[in-house]
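Next up, some structures in structure tokens.
There are two complexes below, and they share chain A, which is joined by chain B in the first and by chain C in the second.
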Partner chain A sequence: MIGRRGLMIGATMASAIPALTYPDPAQAAASPYMLGTLFPMSGPNAEYGEIFTAGADMALAHVAADKMLRRPIVMKAVDSLATPQGGAIGMSRLVNVDRAIYVLVGFTGVSKAAAPIGMRAKSILVNGGGIGPDLAGLTPYFWNVIPLANKEVERLAPWAVAKGLKRIAAVYVDDPYGIGVVSSLKSSFSKAGGKVVAAYPISPTDQEFAAIAAKLRAVKPDAVYFASYGAQQSEIIKQLRNNGVTQQLLSPSSVDIPSVHALPQSKGLIYTAQSADWNSPDPVTRRFVQDWKAKYHKDPVPYNQNYYNAVLLFALLASALEKQGKPVNGENLRNQLLAQRSFPLVGGTGVFDDNGDISLPIVIKQFQAGGKVVKIA
Partner chain B sequence: MLFAQLVVAGIQTGLLYALTAAGFAIIFGATRIFHVAQGAAFALAGYAFLMSNAAGLAWPLAALLAVVVAVAFGVGMERWVYRPIQRHEASFFTVFVASFGVTIIAQSLIEVSFGRGFVTLSTPLTQARPLLPGLYVAPVFWIALAVTAALFLGLAVFLRFTRAGIGLRALSESPELLRSYGLSSSRLSVLAFAIGSALCVPGAILTAAVTGLQPSIGAHVMLISLAATIVGGIGSVSGAACGGLLLGIAENLSITLLNTQWSEAASFIVLFAFILLRPRGLFGLASTR
Partner chain C sequence: MIAYLVNLATLTTIFAVLATSLNILIGYGGIFSIAQAVFFGVGAYAAAQVALHVTPDLLVASAAGAGAAALLSICLALPALRVRDEYFVIASLGLQMLAVTVFTEATPITGGFGGLVGIPPASLLGLPLTDPNAMLAACLGFLVLVLVLTRVLMRGSFGRSLMAIRDNDTAAEALGKNVMVLKTLAVMLGCAYAGIGGALYSAQMQFINVESFTLDQSVLIMAMVIIGGTGTLIGPLVGTVLILLLPAALSFIPGIPPTEIGVVQQMIYGLVMTLLMIFRPGGLVTLRTRRQ
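Right after this comes the complex of A and B.
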């Protein structure tokens, strides 16, 4: 049996192990920077996880190829299941077990659950996928490299009202993301001279929307705005169209995923998204787009861009800290972000505000036949 | 017209519930086995249909393959799960846990084989057309109605007028009496599982076309089927059919009064009402204490 003294000796020896493992600063410097991803890698939203990860992976390859950092980066992936519970458990594991100092996250509910854990551990969380309006300024260690839904709705409302789409009916998932979007929708359309005439909450797991289609037809709105995510969006579009809802469909950027592009009924759907000019001449964007097309034989989507930018942002901040001789940790990364503010990212110069939120212009796009998308405003 | 539209949507949903619930009722009525894995048969049949259709098989052949998958699953459960358990202790909970465990395994198999997202079938049959001003009906509604009516009619004739059908009805009452008439209770048990499993196939195919499938759909379908069986009267096939129809209509009509998120809960509110006010269900026999 091990006595109290034995335990103390063991603890002392254990604490000495790191010093034995890295006897000099040069070797210590070789230990990798631990980064993490907290994406849905299974379930109905796994499609997002793949899209997010692909963007981050390309940035890791570019950072390594450019030898931007003195130490390598190791990326640990944890499945968030796209649920707040999965977010909290995953974030605890990333900061307590893997000691991740910088974690990429998506989905509003996941972000809100993980943020307090990141705050306590002083680990940075960077969101490039969730667009719930209340993600702005969630904690000092939570940043957004994606414009949030309130910005998207603020852009859409005056345009829609000018086009005669004044009476809006909303269908939204009853979670922090959907509730935040509908709240923004009501205030933005009210300011623009329109009105949200009906709002129908749905569960994230709902599959049947024929009854909601009947209610929508009875309300006779000018347009139907739906805020959902993942494969459920395809079912909403298909079933509303199949059940006689002929009004204009509107959505935030969450609809910009391959399964919706492939759906014939998505033709005519209008949505908002961050501006992404893949023909931009700036070298960062050009390299990203060229390498993306060479690897995947298609254009990237904004989510790819965001998570590429999230990793690139880390490399730029960590590189600056290395040059200053400062340790790369959450606190110093945050101080460096606030000191520097603007960074050369994909899409142009990314400028961050006091909350750590990027500002990007929002455009309005429309699905055409065959899943093609055109910018209409 | 909203009311009529919701009734139509409710009937379509209810017909799918009725078929699955009737399958469960036949199995439970004949064997007294609480076959929770009927939901897994539904999911497996739906995926078999979707995948074989996507591979280029014509609808009738894909549907036939789905029937083969569902029946093989049901009969396999009877032979290799329930029968060994019954040979030893046959406790209700052992059967229930085994059946539930197989449901989880089937769900995991589907997830590994076909992914965890929604899969759906694009067909013009789900495209609704106006029947009356403000009332939209899709061809799939008439198909569901015709298929359900034909199957229930065939089932009624089979149970009432054939030797095997009468044997199935008698199986739960007196297996010894069956033997004296030269009928094999184990063969009838297999037959009950085969028919019960096959009955969930039309519902699975129509669900794949109307709302799409996901690996965990079996659990949802089974819950509704159980509720329909209790509402209709345990062991009664016609009761299960009426129960399924009633729950489908209640689910859809509830949104005229309640928030849209309450539609699923509406089915269980109806169930609780029956448990409290009419525990034997619509067509069940009153039990004496």
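Right after this comes the complex of A and C.
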């Protein structure tokens, strides 16, 4: 007779059975191209995982509808948990079990942990979310389809100084992304005739900013530039405004997420982002925006665009390799990228450098009432 | 598939070393610390620095990791062992929070939040461990060494004295046991093991940053020990296998939409853990022993 212990062990082991019986996709169907996503799909950063996945999904639909490739694409999602350990386990699973040749990734710690595994397996990793300057050239198989933060600051500084925002106070997460942003901020504003008059580091887990607001009121800058990510950004905006910081708020593109759009205090906030003119006549952009609005009844955000572009880039590269009769693998994809360099993507022509990092025009945007965003430069 | 299983097995072996390290404190010494990830991190950073600047030899790196963690453990043991039970938990929590800040701020040593990248592949006595199977074998070797040493020590006078202190430290002191010294040695031993775990982790991952050494990690290690069964040699190993392999197994459930995959997995994982604690409150291995 099976006792409680037997039932418990049975229930526990039952969850492991699929691991033994689920067929190896590479064996079960040799034809599809295996792609993977290594996004946070649970926990406080799951919002990003959903945003990233939505962009990739739309590109998959378009690639299939256009019959761009001779073989179908299968996309396998693995939860990275937004931790290096989760990233390493997930990446190992994607390249060794699912045989993914092209993996979309989004967080800095996850990217750095997954990069050596991708390098060993010669699988391409594509980042469309992290903008820390230290993500450039991580390995030859690690590409960025998002302009890194230093490019955004270089675009903002001359514009801000021309508008009279010369004395800048910075609030930044104390990690490579935040440090990189502040470093660019100091050099770019100095070159443009402005100055960073104060810089306050915060921990990525901080949720209390009243003390920083008090310091900012004392410094009296022309504008406050903050570099953070995720839900912390909403807290920064809300608490600075509620604690009497009335100066112009500035930020990089990480602020462009639905939770910030929905925040009343974000009205007037100015930020930089890669070019995403949703009214552009360019056919790739027009189709993306039209289908996005039809499906979601709102404008896409740059993260949607980036991961759409990441999948579209794969399709363009694989299509070129198919025409040349070459196998579609990480090494050939990389060679094709370096040979071709420029691609018609959403937002315009994306040009890649030797590291596999994209260059796209940067624009300046502002939040209006109701979470609406307008391009101002 | 085999390469994935080897990678998973290697990580499981490393965390088994780590769970054994905490078992010395909780299971044998009755010292409830929630700062084990700190010593894991100290070992990892020390070993990574050795690998980056001196030699990638795993023995040297592990010795550095174990030494650094054991030395730092004195900082915890000497002042904190004057308190016990829930007060020690709070003291260790303070150390955990402090350490995360230090790991984040000590950029020249830890690389700050960005961590240390490009840690070279490990070698052992001149033999490269670039092959994942070789790395697994090396980690298994370290685990066996740790387990054998633990068994020998816990069956000797040190272990018996430690368990006497765990059960009733006042009585043990009345019988002439030096509680402070024994507890300090237990903390040093447990933390040295954690340092070895950290060294193996940095060699396996080739990248470390503070995100791997947070309070969440400490709680995860404690869950491995408690679910597996404290005060037994095998219990923490069973707990480690369950906690690390269950989420991996859940990732193979077919038919879940990509955007729901994390939520579904976390719900099943949480449910299984809760059921285990309801039906196995003393841990998997401990209860079986009692029944027998």
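The criterion applied here is as follows: the second predicted complex is superposed on the first by the 344 of 377 C-alpha atoms of A that agree within 3 Å, B and C clash if a C-alpha of one lies under 4 Å from a C-alpha of the other, contacts with A are read in each partner's own complex, and residues count from 1 in each chain.
Keep in mind that, in the parts below, contacts are C-beta pairs under 8 Å (C-beta built on N, C-alpha and C of every residue); 3 or more make two chains touch, one makes a residue touch a chain.
Not measured: the values here are computed from a predicted model.
Student: Is A:215 touching anything from chain B or chain C once the two structures are fitted on A? First, second, both or neither.
Tutor: The answer is first: A:215 touches chain B but not chain C.
Student: So, A:53: does it touch chain B (first), chain C (second), both, or neither?
Tutor: second
Student: Under the stated touch criterion, which partner chain does A:176 make contact with: chain B (first), chain C (second), both, or neither?
Tutor: In the superposition, A:176 touches chain C alone.
Student: Tell me which partner A:85 touches in the superposition: chain B (first), chain C (second), both or neither.
Tutor: A:85 contacts chain C only, not chain B.
Student: If we overlay the two complexes on their shared chain A, which of chain B and chain C does A:337 touch? Say first, second, both or neither.
Tutor: A:337: touches no partner chain.
Student: Looking at chain A, which partner touches more of its residues: chain C or chain B?
Tutor: Answer, by number of touched residues of chain A: C.
Student: Between chain B and chain C, whom does A:156 touch in the aligned arrangement: first, second, both, or neither?
Tutor: Neither partner.
Student: Output check: A:42 vs chain B and chain C. Expected answer is one of first, second, both, neither. What do you get?
Tutor: The answer is both, since A:42 touches chain B and chain C.
Student: Touch test for A:101: chain B only (first), chain C only (second), both, or neither?
Tutor: A:101: touches no partner chain.
Student: Using the touch definition from the top, say if A:202 reaches chain B (first), chain C (second), both or neither.
Tutor: First partner only, chain B.
Student: Where on chain A do the contacts with chain B and the contacts with chain C coincide?
Tutor: 42-43, 46, 174, 203
Student: Contact residues on chain A for chain B in the complex?
Tutor: 42-47, 174, 200-203, 207-208, 210-212, 214-215, 217-218, 230-232, 234-235, 238-239, 242-244, 259, 264
Student: Enumerate the contact residues on chain A facing chain C in the complex.
Tutor: Residues in contact with chain C: 4-5, 8, 11-12, 15-16, 18-19, 22, 24, 37, 40-43, 46, 49-50, 53-54, 57, 75, 77-79, 81, 83-85, 88-90, 92-93, 96-97, 108-109, 112-113, 115-116, 132, 134, 138, 173-176, 179, 203-204.
Student: Provide the residue numbers of chain C that touch chain A in the complex, in ascending order.
Tutor: On the chain C side, the touching residues are 1-4, 7-8, 11, 101, 104-105, 112-115, 117, 205-209, 211-212, 242, 245-246, 248-254, 258-263, 265-266, 268, 272, 275-276, 279-280.
Student: Spell out the residues on chain B that touch chain A in their complex, using ranges where they run on.
Tutor: Per the touch definition, chain B meets chain A at residues 1-2, 5-6, 9, 12-13, 111, 115-118, 120, 122, 126-128, 130, 134, 136, 138, 210-212, 214, 217, 251-252, 255, 259-261, 263-264.
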